Amino acid sequence: MKPRNPDFEAALRASFAAQAMMRTLGAELVAVTPGRVVIAAPIGRGVTQQQGMAHAALPFAIGDSAAGYAALSLQPAGTEVVTSEMKIHLLAPGRGARLIATGTVIRAGRRLVVARADVVAVAAGRETPVATLLGTIVPVAAEG
Amino acid sequence: MKPRNPDFEAALRASFAAQAMMRTLGAELVAVTPGRVVIAAPIGRGVTQQQGMAHAALPFAIGDSAAGYAALSLQPAGTEVVTSEMKIHLLAPGRGARLIATGTVIRAGRRLVVARADVVAVAAGRETPVATLLGTIVPVAAEG
Amino acid sequence: MKPRNPDFEAALRASFAAQAMMRTLGAELVAVTPGRVVIAAPIGRGVTQQQGMAHAALPFAIGDSAAGYAALSLQPAGTEVVTSEMKIHLLAPGRGARLIATGTVIRAGRRLVVARADVVAVAAGRETPVATLLGTIVPVAAEG
Amino acid sequence: MKPRNPDFEAALRASFAAQAMMRTLGAELVAVTPGRVVIAAPIGRGVTQQQGMAHAALPFAIGDSAAGYAALSLQPAGTEVVTSEMKIHLLAPGRGARLIATGTVIRAGRRLVVARADVVAVAAGRETPVATLLGTIVPVAAEG
């Protein structure tokens, strides 16, 4: 896919840096290409559920952001994106050192973008699929 | 709806207390009744997205937990619950002092529970709907 | 909710009459009010799955149409609607004489409408919930 | 993926043949392999919406069945499947001669199967993606 904003990566990294939630979860941008964004986060002590595994909100948070930024990577300059709706399937417990979410664009419409994200857990160098997300992202004019 | 575990509230509060993610987000159990659970969380500095509003992961986190615990409130003793899949619609920006999620059970099957959650933002004493969730919760035998 | 098209009911009935799929399924418009539309269809011989109950596509078809027309009932004249995405939960087998779907609008945005539909089966005068739908409807300018 | 029922194809074809809804829509089984099932249906006069394109219920019907039968292809003998929940994204209008849905299994759990389906429209020998589905299928003991 072809970016419409030549500086899409800088715009995307600036937006990501402004997301306090990503800092709170220790998430980082791993890769940014047009229509595909990878975000990782540690499965730290502060993000578990009652059984000691990653709370569903962790794969949701980085999967939703990866899908949203994949959508943003194809937008013209001066655009932001918001999630309209997102579905997550939890496929396996989130165990291990960290989660990695890869967001990709399925259909880049003018008004709506359909995007997905696939989330794996990494433990001892081995990847296990833990979640898949599918949802709708809406481009909006950036404020200010 | 009628609880099958007479001590469901204690079991639920113990499970909630063990969710580190809820502490990280500052979430608290507001109300627990059979088939209906209310969870609130502040829209603090650490949970925003790039525009300064609540990141979608915040209403997801407390909405998913409210739906899951609503399901748990109707299970027999010795049961835990896990989310199988969950869809969230973001209805309005999450602005204000805090978010309140009310989870309710739609259908309590033996193998699967369908539950929903409605999330409002509270600002200056006024509530605005910000998200609605609908998903599938699976009862599992508690370990240990 | 307040209609923006004083002739919304006529517009809606004309659109429904043009849906060949609704005729194929024997569906009929039962009630039309602003933001709420009811559609019914018989559980006839031609719409069953392998166990003799209504195929999931039947509650989907009338639930999706009820949600879409609920959205249309609040649009200005000269508008059509298309479904962008829709989730259906099947709550119980579709047994009995017919299905009745009630579509309602949850949030009527300018660019997107969030709507739901609840579907019941009617057997011997008794209603059983069989499905609930939640999705996104997009208003578009009518052609021609 | 490996089938657990050596006669899975015969079981699947018998189940499909018993689905009156598939006959009503003119749908046919195009290909059956373990974990992957293809179903096609014509965009005939009886399945359109108000603008003359395929009603959303058509890609839903064949996509849902393709996903469900992909799940069934991996089950032991004496099993049926039912859809628990299914989400469909409509990506483009369903125009052309026919729709083809390819269902695949994402995760084959003991109690739940996560499956997807991708639906294309075929017009003048060219395929256009029109829908993608993602949902939960539940294996149940076959009656009788």
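A, B, C and D are the chain letters, set down in written order, and residue numbers restart from 1 in every chain.
Throughout what follows, a contact is a pair of C-beta atoms (placed from the backbone, for glycine too) under 8 Å apart; a residue touches a chain by one contact, two chains touch by 3 or more.
Small disclaimer: the values here were computed from a predicted structure and weren't measured.
Which listed pair repeats A-C comes down to matching contact pairs by residue number; over half match for B-D among A-B, C-D or B-D.
When the C-beta pairs in contact are tallied for B-D and for A-D, the bigger tally goes to A-D.
Centroids built from CA atoms put chain D at 22 Å from chain C. Centre-to-centre separation between chain A and chain D, using Cα means, comes to 29 Å. Spacing of chain B relative to chain D, judged by their CA centroids, is 33 angstrom.
The residues of chain D that reach two or more other chains are 84-85, 87, 89, 114, 136, listed in rising order.
Interface of chain D with chain C (complex): residues 15-16, 18-25, 45-51, 55-58, 60-61, 64, 80, 82-90, 143. The touching residues of chain C, counted against chain A in their complex, run 84-85, 87, 111-112, 114, 136, 138.
Interface of chain A with chain D (complex): residues 87, 89, 91-92, 106-107, 114, 129, 132, 134, 136.
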